[in-house]
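Two complexes, one shared chain (subunit A), two partners (subunit B, subunit C).
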Partner chain A sequence: MTSALLIPHSLRGETAISIINVENLSKFYGQICGINKISFTVERGEIFGFLGPNGAGKTTTIRLLLHLLHPTSGNVFIFDQNIKSHSYSIRQKCGYLPGDFSAYSHMTAEDFLAYAASLRKCPLSKITDLAERFGFQNSLSQKIKQLSHGTRQKLGILQTFFHEPDLVILDEPTTGLDPLIRDEFYQFLREYQSKGKTIFFSSHNLPEVEKVCDRIAIIRQGELVALEHLENLKKKRFRRLILRLKHVIEPFRLPEAQLINQAGLQYEFLLTGDLSGLLEHLTTLPLADIIFPEPTLEEVFLVYYKDEKNAQ
Partner chain B sequence: MNTSAQIGKYEFFNIIRNRWIIFYTILLLIFTDLLFRFGGDNPKVFISLMNVVLILIPLLSIMFGIISFYNSREFIELLLAQPIDRKRLYLGIYAGIVIPLSLSFVIGVSIPFIIHADWNFDKFWSFLVLLITGICLTFIFVAISYLVAVKNEEKVKGFGIALLLWFFFTLIFDGILLLILFMLDEYPLEKFSIILTLFNPIDLARVLLLLRLDIAALMGYTGAVFHKFFGSFMGFTVSGSTLLLWISIPIFWGLKSFTQKDF
Partner chain C sequence: MLNKNYLLLTLRLYRGLIIFSALFVGFMQFLIVWIFASFDYMPVIEAFLNQLPQQMRVLFSEQFLTYLSINGAAAFGFNHPLVLLLLGLLTITASSRQIAGEAENGILELHLAYPIQRKTLFITLWFSISLMLFIVILCGLIGSLISLFLKAKLSLDIILPLLKIVVNLWILFVLVMSYSLLISSVENEGSKAGILSAVITLLFYFIFFLGSIWTFLDQIQILNIFHYYQPQKHMFHQISLLKNLSVLVVLIIICFNLGLRQFIRRDIP
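Entry: the complex of A and B
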């Protein structure tokens, strides 16, 4: 595998080929907004992260991409074809994995895969390798209702990738997978990307998206709040800092840090900038403990909103 | 094999492994067998079976259809993401449930009939009408249940509407019909009541089944009018076409709604 292939075309200085092109896409359920005028493009050979909390509009967007939903306004072009008029031919080249994969419960996994293959009129030749890779070979003959949630999700992975689609749309794909299989899946995605395939990866888990994606769109309350390359996102340094003090002191402020919570002797900050000034300041405090936990998505959004307000 | 047939095949094999459909077959089998054992081979058995066909089959079909549709919703969504035409998918899943349900009915009723009945041409013909009517009602009420499920996102609401529709066709419609006939008893309403009968598939099935029995003669003048109309070639064509319409309209309506539905 060449590392150059892991980088999308635009980053390699080549002409970018848009696989997904979303233009001012909106979906309203009566008065309720699902998504509002979102636009983005996904290039060929890219792993595109679609990040947002539950209920933000991720699944609505995915359903619009797959033409399961009809948009209120706006357009979706996939492989340069409008999804409204060419959904059948687009779906022939797409794989889709929902977060909660389900199938006929009385069917065996093997029969289900044969069914999926017959619908796509495509051979099952790659299944053995895939099943081996994700430790699924012993579950092939089992009934789907007997499979655990994680194992069922592995079956979902197999049905998504066995026909080697050019575009894969994943909606919270690692739900229920154990950490080892999850890492194997991330590795598999990178290898798959190296074949020039495009992956749309939706998740509410920032570290997960950071691990695999080249570019990330952040959606909140139906609106796209950020569209960043991973490097830029990392520069934002979303970090949380929890300080526990030995005793009560006068109110204090930390440079490049925003106090988000205080309870007794415990202070919680959101860090957004350079840490050098901060560390110097910390030495002056009567510290009992310092913790750097992973930031939650809400905290990431806080940073974006802060940036937005500053820009205004 | 085309896509609808493929989907139908897998849906069929999934449904026949369902314990409820096995229970339904066994229930019909035991019930029909008991009717023959305790009632002997006489028209009473046929009338009792007719009531099963007219009440139980619409109820079970509508409930089974709606449960099956709502339960496989996530899987339907997954199938919709595959290169499958929506119409073919809908027809496939419809065929996949309506065929095993009809088979359950045919097996459940036929086995005791074959064992116990004293066959002659008339009895065979009546039995055939019973089977065809039962199958038609299965097709109609599964189609209605699918239409209700497609139109209603909320499961509870869908169940409520389905049950209400069953109740309307089995009881309320007849109540309204009787009320009209009672209120307008001074007018000649025989033709009007024939027309009204066509608006309820259960009533239509009831008339077709009753006319297979000698008791039609006991129904008086109205019975004679019904017998004259539905016993004629014209009546047979009209009732057959109406039953086909009762199957086709909810199927095509459901199909149209399904192709436009947001999942």
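Entry: the complex of A and C
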């Protein structure tokens, strides 16, 4: 794998080619806001993470990208074409894995893939390699209704990638996959990116997005709260620290950390700076356990809101 | 305009129901004509009518007796409640499942992410269900013709009215399918769309049925789709096929266009 190819054009100093260009996109369901004035671009050869909690507007945005929903206002350009007028030709070059993948349950997986290939007017020749890679070869002849949730998701992955689309839109693609297949899938995405393909990766799982994405947009309550390169996001990121002590001690403070919660012998801190001074202090404490929990999305949002307030 | 792969898929999805309906309707037509051709039932009916009081006997007109001929039986077969029920079931199930049902279970979302235009999908579906209905009704016609060939005289006098009946029946159910697709294009749940289409169709049928008992309903029958399908009248040349078809086709065009427009405009799901 060529590492240079894994970096999107803008980071390599080349002229960026926008594959997706979203301009002030809004969708309202009556009075209810789906998304509100969202704008972003996705460059060619990029894995773009679209992060947000459930109900934030991720799926609405994806459905607008594919013209499954009609926008209340705003525009979507994919491959420099407006989705409203060129939906058909755009969809020819896209692969899509819906959040809740379902197919005709009485069909065999093989028949379903053959049907998908016939609609795309594309041979199924590469399906064997893909099926083998994701351990699906034995399930090809099975009826879809007999497949487990995870195996069905693998079928979803196969139908998304078999025609090697230039743009792939994935909505929570790893749901139901076991950890080994999940890692294989991340590896596959990186290899796919190295071919110059673009991937739009929607998820509510921050560590997952961190593993594969170059750039991340964070959506919350229908609004885009951040659009960052992964490195910047990591810089902004804070961590929590949970200490469990062996016995009660005098009240204490930790450098670069703020106590946010205390219950009995358990102390929860918010880490805000350099860890070197902190580690020295920790050795002086009667520690029973140290935990660094993964930050939740809400915590990441809090950082962004805090930044916004400070800026104001 | 049509997508061959989607057409084959829909035919495949409903092949069980199509085969069952075709065999059932074909066998039923065969059996009805066979029974009427096998037994000399007229003396029995005349004896029965003679036993009735005079006031009741007038209820059974001469026309009623002509309906009890082989020709009448062949026409009756295409108006049998079971045949209409089966055709309705096929029509409404396919129409409501393929749009509202698939919008509900997520398949439509996936489908429309493939390179297939909404217009093509809708027109192909409309054509596909029309074809399913045609196959089933054609089997009914074949059943009747075989039975007539084996047990009675097969002449143009009976073949032509039978052809008129099957065309009229087919167009009637294409109309049922067209408004079912319209409802399905608006709804997000397959079961809701199916129930609504079935209720509307049953309402038409019962109002038409009650019209034969209560004459005061006659004035509103012109608004009833079943008024434009009366097979016995076709058999005895008492009604114009052209008039029936023109009304039904106009309604089909309206429902089809509204359905297509709604399907193109709708959000998925």
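The rule is simple: the second predicted complex is superposed on the first by the 275 of 312 C-alpha atoms of A that agree within 3 Å, B and C clash if a C-alpha of one lies under 4 Å from a C-alpha of the other, contacts with A are read in each partner's own complex, and residues count from 1 in each chain.
Simple rule for what comes next: a contact is a pair of C-beta atoms (placed from the backbone, for glycine too) under 8 Å apart; a residue touches a chain by one contact, two chains touch by 3 or more.
Given the structure is predicted, the values throughout are model-derived calculations rather than measurements.
For the composite obtained by superposing both complexes on subunit A, the positions of subunit B and subunit C are in clash.
Contacts of A:Y96 after superposition: both subunit B and subunit C are touched. In the superposed model, A:L66 lies in contact with both subunit B and subunit C. Judged by the touch definition given at the top, the superposed model places A:K126 against neither subunit B nor subunit C. Of the two partner chains placed around the shared chain by superposition, neither subunit B nor subunit C is touched by A:H229.
In the superposed pair of complexes, A:R239 makes contact with neither subunit B nor subunit C.
When the two complexes are laid over each other on chain A, subunit A has residues 63, 66, 68-70, 88-89, 91-92, 94, 96, 98, 100-104, 115-116, 118-120 in contact with both subunit B and subunit C.
Listed in rising order, the residues of subunit A touching subunit C in the complex are 63, 66, 68-70, 87-89, 91-92, 94, 96, 98, 100-104, 115-116, 118-121. Looking at the complex, you find that subunit B touches subunit A at residues 3, 6-7, 10-11, 13-14, 17-18, 72, 74-75, 77-85, 260, 262-263. Within the complex formed with subunit A, the subunit C residues making contact are 3, 5-6, 9, 13, 105-107, 109-110, 112-117, 265, 267-268. Across the complex, subunit A meets subunit B through its residues 63, 66, 68-70, 88-89, 91-92, 94, 96, 98, 100-107, 115-116, 118-120, 169.
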